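Have a look at these structures, which come just after this line.
Both of the next two complexes hold chain A, though its partner changes from chain B to chain C.
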Partner chain A sequence: MRRRRAVSFAMIAAHAVTWVLLIVITAPVLVVLAGAFFNTSFLGLASEQWATGNDRTFLTSSWFGYVFHIYGGSLAFSLGLAFLCVGACILISVPAAYAIVRTHSLRSRMLEELALLPLSVPGIAMSIGLIQAYSIVRGQWWLILCGHLLYTMPLMMRVLTSALRSSETARLEVAAESLGASWRQRFLFVVIPNLRHSIIVGSLLVFAISWGEFNVSFLLNTPLHQTFPAALYATYTGNSFAVSSAATTIFLAVVVPALLALQWIGGGEFTRLEQPA
Partner chain B sequence: MRGLLLSLPLALMIGLLLLYPLTTLFWGSVASAGAISIHSYIELFRDDYYRTALLHSFLLSAVVAFISTFLCLAPAWLFANEEFAGKRLVRALYTLPMSFSGIIVGFLAVIMLGRIGVVPQLFEKATGSNYLSGSAYQLVGLVLAYLYFEIPRATLTLESALRKFDPQLSLAARSLGAGITQRIRLVILPLIWRPLVSTFAVTLTVSLGSFGVALIISKRFSLLPLEIYRAITGYGNKSMMAAMAITLVLLAFIINYSVRNWTLGATEKA
Partner chain C sequence: MLEVRSLNKTFGARHAIKDFTHRFADGKITTILGPSGSGKSTALALTAGLKEPDSGTVLLNGHDITALPPERRGFGVVFQNYSLFPHLDVIGNVEFGLRVRRIGKAERRRRALEALKLARIEELANRHITQISGGEQQRVALARAIAFSPSILLMDEPLSALDAKLREELREELLRLLATLAITTIYVTHDQIEAMSLGSEMIILNDGAIEQSGPPAQLYLRPANLFVATFLGDSNVFPAECEDGSGGLRLPFAAINAVPNRNGPKCWAMVRPDAMELVEPSDADFSAVVESSTFMGNHLRLRLRAGSDRVILDTQNRRPFASDTPVYVRIKREEISTWPR
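== the complex of A and B ==
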């Protein structure tokens, strides 16, 4: 009898810790959402109030208007970067992952290791490496894209190589070959259709990571090409709580759907949406 | 030959964007006035200012990794082995902070624990004095903010390890007469201490490299990534900055690869 009570005590403790941690995780996010949608003028005057007018309603979207007005350009720039990143990752990773999985050589194994290496390089170190190596072209918008590629490519590669290793694609390919399909036909009509699911998963990861990535986006950022994460930093250091919250909510509005979509269609082992902190 | 051609863009990208910048960085840390010297690295460990930053980074990361590993055993165990109402939703919410970059976590810390943060305000309503006001900018706040982004990482890493753990083993030991301490020492710990150590290592390296959180909330507490940032934005010297960055990279590599080899070796032996 005593032992059973000890076990159930452990269970109660585990539940207690889990629920407390859940509150700790969700409470700040709820406060941000509240700050973005509710009229928080009761907290005092904010310098941005001129932009929002004399809005006395309890629910307001005027903070969003302010953010779109001031930081709309960086929002569009970051979204564009994320889309370009997805495209480039697909174009580079699909053939490379295929080549790496199909050739069993030291060289291909090394290439795979190297492709995953950026995941363990701290973002700040990588950013100043890029700055020092490419100081001549610093300020070009595509240097930011290059940095994003470095951190998103490994995610796409991981999803694709694990799919290629576990799926039936190799056998289907042999079958296609025995039926006379050329290499190009096999790649286009057997391999790529079989990778469709993984490409979608990888693209979601790449998009969300590129959208939220801070280190490269902030350190390689210039006033002419401001990224949204850099704009977020600007709101945190220069704007009121309500505007910062609205900007953060815009960030969440892109990331959370990606997260949900990954939960819904994912299922593989490499579908974690993990932003370098 | 065809394989080479297909992976050429990736190889080019790795060479140009990863290896070349890292080499430049390394070269910058050892080259001084045309000669090669490890002066910057000696300085890094000798000079009080930089040594403090290095030590702070390591200690903060170790403390946070330790706390998160043990705290997250609870949710990881529930997610892996128990069923309860709303488990899917709870688990999904747990993964949310992992998608935030450091500055967002820093901002959340300020909202909750800043000078007029939500928590001190609630305390003031309830007790009359605003406990924890401004604690976001102190060490407590830094630890809590780092914990915030480590909780999901630790939970998910432990969860996948605990899935493989069979509760029947512990029950069998109990039916053979083993007490709770014996079971923990002889059955449970030997099975889960490797995942514990690798979770510790994962969280440690993430914390070591984290930059955004400290950028927002660290006022006086110096950390290696912050010193690198200060050096690049102004007065620091370039070779010192490169040396700090290389040290950070090497630390992350050494921890990552030694733990990986160690866990791989364990699975081969088993």
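== the complex of A and C ==
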């Protein structure tokens, strides 16, 4: 009886701690959401007062209109950049990871380590390096893309090499080989279909990282090619809380579904990421 | 006709396959049997081209195919873990070998259904691989391997993942199917019953080398050496002395006449548990006492003590024997094997 009471007390305590933590973590998000949707004109005139006009309702979407109007270009640029990043990562990483895993040589292992190296370099150092090395093309949008790829490609490679190193894929390849499949047929008909899950997980990861990348974007962006995280920073420094909240809400509205999808389908990949190759 | 000559394979310092030479009987099943780590699967992989030999040749109808990649050998392989493609359904798996050979869709479907019918699983054609049982997966793997009419079928312990009852059922079906197809088959197994019941010829592999090959009955009744005698089935092995001229054999606990083998004065003698019978004292080669008796279903296994030696004897007499019961034993002369010691 005493033991049962102790167990139930422990359960209540655990639930209480969990709820407190949840509230602490979600409170800033809730404040941001409130700031983005509530009409705060009763606080006085803000610089963006024009956005709310004569709207006297409690809830408003006007701050979003303002953000889309001023930062719509950055939003579109960042979305495009994230999708391009995903496409480039798939096109380069899938064959590269396959070649690295199936070529059992010192050179391929070194190449893999080299591909993972950018993850250990601070973003600011990477950006300065890119600016110094490619000053002649500074201001080009694709230099920002290259910066994003340097950070996202290693993650995509890691997800794919882990999947390819699983004995299951190797076994299926041997089976396909025994059935008469050439190298190309094995890659197209067996490897890629069986990597589908890892490709989706890697793509979501790449999208989320590219969408939220700030260091490289901030240092490489130009007035013409400003990414949304850089625009977000601009709202924090130059706009009202309501506008920066609306911008943050838009940012979250894009990244949260990607992260939820990752959580939903990508458990295995994250576990594998933690294991040595 | 498939033939392998002097195949050798090393993995680091380990010599996995040593001078593997054999001519496989056309249209028959050859089983390769050996203990774990004896090189059975490696021998199969070398034959299939899935592993490259360090030396030696693989000949198909007289042509050297050693350098030919596996996809161009036209061999069907059934793997121990089946290796079915999880992204395809049953028919998709069976069609795979035909698809990579660029066979037209209609013809592909017809031949795949035919293979499924032979494997008696045509009703599973549209099922997903995860929706079928282990036994059904084994049949799909078999159907996939035979669908493109391979010249040789290689099977690597295909029944080992199944339970005993299902394994027995499938073994019978496999025998029927392979007899229908009359395809040269190499079948690797560690199950002695499977090896003996399926194979018209059997190879015993130990530590990468062939110990003996031939019809299963010959290997069982006339093992070439002590390893085969002790590995294949149960056996009683004793140090013995062969007497010149007289044909006598002196065991530690009995003197036996008219033994056909001659191997010098000192030899090993092997007698299977079922090569001895309980007889009247006047007909016996030796007397012993029962240490224990175990009911084995279709026979009784007696553990006997003869002098200081222990002997295992199987008898159809199923009445239990009490411990220390004296018994009289006669050894069937034609089933005694001897080797030099």
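Simple rule for what comes next: the second predicted complex is superposed on the first by the 245 of 277 C-alpha atoms of A that agree within 3 Å, B and C clash if a C-alpha of one lies under 4 Å from a C-alpha of the other, contacts with A are read in each partner's own complex, and residues count from 1 in each chain.
Going forward, a residue touches a chain if its C-beta (ideal position, glycine included) is under 8 Å from a C-beta of that chain, and two chains touch if they have at least 3 such contacts.
The model shown is predicted, which means the values in this text are computed figures rather than measured ones.
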Chain B versus chain C as contact partner of A:233, first or second or both or neither: first
First, second, both or neither for A:73, with chain B first and chain C second: neither
Contacts of A:111 with chain B and chain C, given as first, second, both or neither: first
First (chain B), second (chain C), both or neither touched by A:26: first
Dominant toucher of chain A (residue count), chain B or chain C: B
Partner chain in contact with A:15 - chain B first, chain C second, else both or neither: first
First (chain B), second (chain C), both or neither touched by A:194: second
Which of chain B and chain C A:174 touches, first, second, both or neither: second
Which superposed partner A:65 touches (first chain B, second chain C, both, neither): neither
Which of chain B and chain C A:182 touches, first, second, both or neither: second
Interface residues of chain A shared between complexes with chain B and chain C: none
Chain A - residues contacting chain C, complex: 171-172, 174-182, 185, 189-190, 193-194, 196
In the complex, chain B residues that touch chain A: 2-4, 6-7, 9-11, 13-14, 17-22, 24-25, 28, 71-72, 74-75, 77-78, 82, 84, 90, 92-112, 118, 148-149, 151-153, 156, 174, 180, 205-213, 215-216, 225, 228-229, 232, 241-242, 245-246, 248-249, 252-253, 256
For the chain A and chain B complex, residues of the former touching the latter: 3, 6, 11, 13-18, 21-22, 24-29, 31-32, 35, 91-93, 95-96, 98-100, 102-103, 108, 111, 114-115, 117-118, 120-126, 128-134, 146-147, 149-150, 153, 157, 183, 208, 212-215, 218-219, 229, 232-233, 236, 241, 244-245, 248, 251, 255-256, 258-260, 263, 272-277
For the chain C and chain A complex, residues of the former touching the latter: 48, 50, 69-72, 74-77, 79, 81, 83-87, 96-97, 99-101, 144-145, 148
